[in-house]
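Note that the chains take the letters A, B and C in the order they are written out, and that residue 1 is the start of every chain.
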Amino acid sequence: MFEFLYELLCGQNPDPIFATDIYPFVGLFTLIFALAFAFIFYIVLGRSRPIWDKTVHWVITMVILLIIAFGFAYNNAQTVTEESENSFFYKFAMVNTLYAFIYYVIFSLIFKRFSIFAKRTPF
Amino acid sequence: MKKFVFILPFLFSVFGCKTKPPKEVTVPEKQIDKVNFFMETSASMAGYFNGPTEFVKDIPNLLVDIEGKELGGKGPLRIYYVADSLTLYTKTTKDFIRDISTTRVANEKSSEMHKILEMIASKTDSTDISIFVSDCILSYPDDVIKTNSEINKQKAPGELKALVKATFLKLKRNNISASLYGFNSAFFGNYYTYQNAKIKLSGEQRPYYLWVIGNKELITKFNKQLTNVNNFKPVIDLNFGLFDKTIEDYQTFFTYEREGEWEPKDKGISNLKASKKKSSSFAIAVDLSALPNSISTPDYLNKHLKTSSENLDFKVKNILLTKDVDKSKLKPREKEYLENNTHVIVIEVTDIYKDNAKIELNLPLVYDNTYKDLSTMDDRSLDSIPGKTFAFEHLIDGVREAYENSNENFIHISIPVKK
Amino acid sequence: MPTRNTFVFGIGGTGARIVRSLTMLLAAGAKLNDTNKIIPIIIDVDADNADTSRALAALKTYKYIREHGYSHTEEIREGFFNTNLNTLSSITPDNNFAEGLDDSFQLQFENLEKSFLEYLDPKGELVGDINMDLLEALYDNSNFDDPNTELNLKLNQGFKGNPNIGSVVFNNLSNTREFKFVLKSIGENDRIFIVSSIFGGTGSSGFPQLVKLLQQEEKLRGNKYGALTVMPYFNVTDDNKSAINSDLFNSKTEAALTYYLKYLSGKINCFYQLWDRPLKQYENKQGGIEQKNNAHLIELIGATAIIDFVNKPDGSFAPKGQTQYFDFGIKKEDQVIDIRHFFPTTAKTIMEPLTLLTYAMKIYLETIPELRNEAFYKELNLGDKYSNSAFYQNLTAFFSVHYKNWLTEMSGNERTFQPFNLNQDLNAMVREKPIEVKKILGMVTNGGISESFLKAELGKLEDELKKSIPDQDKRFFKLLNRISLECYKKLEALPSMI
């Protein structure tokens, strides 16, 4: 499923290891990171104390997530293909960042109704 | 702000993580632990040592080239004299080289080939390579020949061969394979005929042989490195027990020699587009190290590789050795393919008719029988001796039969292709 | 479902002020047992009396808040505004008499714009009559033109400390439609309580008249009667232009007490009496909108008398014909009284609810408007509601005008009652029991009732209540209740002295 998502925006890479290894791994873990971040923001923090619950905090959390998504994708592509640098890696990392953003927004919408203090964040 | 502290370990674990996603566990490669060197010292060998023979020039050079290098294992060579028993040579290799050049070492009684081979096998651990230098003449002991002077001729194809075969069957069971290299050398001295009569030779060329015996994997490695040794140019080289399973495996390159539209999928190719106007090409890497050297040359392969296909048209564009591949064209992971494989086959597909197609490459199993030319069953006259070894064909037949397998093909590669 | 109602008659200015205090105590959540409704009825001929109008306004706001803060289905036993303080017209009578009745807490007299003389003799028939001579003998009209002489008093401004006039006029109360309705509305088990002052005009004359009028009805003779008379606790400044003379307060008190002893003995089941040494001088205002006496501690205590009477179990009354007498004491006589001065029962039943209501007030007025960005604020739509919703406007009015002023007036009066520091933060709110902020190595471990505490609690409570109360306003109302309880937990206990 992740292969489809990445190939949609990145195009096909001749190296098959992207489709067999990199896309599923990065895709799954990016999804998990986004879920974890949203979960921690809304449920773990958002139900215990009104300290990290406002829009600015949500944005900061998202930015951290996006940085991780970018770095993780780039790093993984680099490690698995054993190549040091490739413009395709940047593209892949950007696309992964985009998907991380989308996942985060979707999970935010799902989790915010279960939050207490962050229930109206970001809107 | 306390919450930032919580984020940091997360970041470290992600960025610091350099491990690849799990790959299949590879068995660590076997390394050569030590090399044993057995020198036959029966009286029939004396002629190689006398005078300016190729033997006394090549053997020392070989020893020097092996010892201390990777193919020589971790320590010095273990040297033995072998005739009817094993005698460990306790001095250094340098001393040995001097000894064989200066002293008379070959003056022992002869022994039966199969017995010698058994002694050698017993000294060969699974991490060892044993090299055995001999003239490979099959013969009964002297006292037996006294009672029947024709016994060698009569029994060579039968009992003698069977004894050799039995010995090698035992070796095969222990996963031990063998290679045999043949060289020619001048011979100064007594040659003993099959009837045990002496004929004096003065510098005629006689073959001597180098057995390389050891674990199957180690032999392959050792042989590869032997070919890099200077002046190692045998006139015959035979492998036994290295090939036991038809080669079916291959790895598909994803950028090397890539043309046209296609995607690698599992082992095969999918989404292939090909037409007469615009064909597609791809390359595969194969490991042919188990094949006899004569079979695995690109020339032989080009001539004898049989192609067949279902629902598509293709041709073999090129066959080359991995060491001849231009590494600059490869991606890092593709370079790993070269380490485990010996040959690269480039395939061009010119048309594909249906969704599911297949490419088949076959190399039928054939035995190289040129060794028979080195054999003679009658060595009583002087002109029948040079370049030949008595009963050699039966010796080799025995070894071959011990390692025989039922495979029809050396290579049988089947590549599924989808449109 | 309890069915017993109690009718509380507040006569005159004092009655009105005590009813006002009662409203505050009930708003704070003081509990009444076995009671369905409390019907306060303010009787004051001085229709414009500011005390009365203040009390009426508070009652009206109370009623509105209670109606909108609780759902009609739930049984309301505790919490702010839990008592069903209601108007007369809310009683469903057996007949249709309620038609045309104002939904008001006040009983209006008719024909009070006239002078007393005109009241007695509307058509001026008595001039020259022998009865006129009698009148002139009984009532002062020494100066014909002086509007302050008794016969010339305009009645619609109270009897100005003249019970002799008040008694006559009060008698005619029984002719009003409203009073007739009252008589019909009081049920067999209902209780009756009359609050008045002994030294005033309206109150002192009205009390015995009212008792007489009520007990004239046969069906009402078996009900339980309670009464509170408040004896002098303030003076007024001298003013020659005024008909009220506080020097006369004591003589009037004596006269009234004598009358009560004679004519009321046995007729009242529980007789509550309150007095305090008058320390304060009020401005001498004769009535109208300017007779606005500041709330006094005595009035609060007076309201507790009503609560005490209402909560008495049926079996605890003395046998018929016998009167129980009650008065009230505090632990220590000080110039400034706070929570510590009250004995445990009062502390628990009165002071604790007041503390809760004060927490709620401060949080409602000061804290919540600052928390605009919090989730609960948005969930309850408080931004819009605080400005535009009638319910919230009533709450704001109640807290910032009625309750706050009531507390402020008492703290400015003498004897001063100042249980709370209204201008300090929530941790310092309860006088003599500040909540400590605990720190370890400079880091706050327990900030008491801090903004972060309130933010967290409000958020959690809103989340919890959302499941059971879908209506935003009612949920907010419950939230106020709950947050005050959380604050009280931080307080741990009321201050006390040994």
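Keep this in mind: contacts are C-beta pairs under 8 Å (C-beta built on N, C-alpha and C of every residue); 3 or more make two chains touch, one makes a residue touch a chain.
Being a predicted model, the structure only gives us computed values, none of them experimental.
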Practice prompt. Would you identify the shape of the chain contact graph, picking one of line, ring, star, complete or other?
Written response: line
Worksheet, complete the sentence: Of all chains shown, the one whose Cα mean is least distant from the combined Cα mean is A
Practice prompt. Between subunit A and subunit B, tell me the centre distance in angstrom, where each centre is the average of that chain's C-alpha atoms.
Written response: 53
Item to complete: Go ahead and note the Å separation of the Cα centroids belonging to subunit B and subunit C.
Response: 114
Worksheet item: If you average the CA atoms of subunit A and of subunit C, how many Å lie between those two points?
Response: 63
Worksheet item: Which residues of subunit A are in contact with two or more other chains?
Response: 51
Practice prompt. Going by the contact rule at the top, pick out the subunit A residues touching subunit B in the complex.
Written response: 12, 14-17, 21, 25, 45, 51-52, 64, 67-68, 71-72, 75-76, 79-83
Discussion item. Under the stated contact criterion, what part of subunit A meets subunit C in this complex?
Written reply: 47, 49-51, 53-54, 115-121
Response to the item:
The residues of subunit B that touch subunit A in their complex are 3, 7, 10-11, 14-15, 17-21, 254-255, 258, 263-265, 331-333
Worksheet, complete the sentence: Listed in rising order, the residues of subunit C that touch subunit A in the complex are 373-375, 378-379, 452, 455-456, 459-460, 462-463
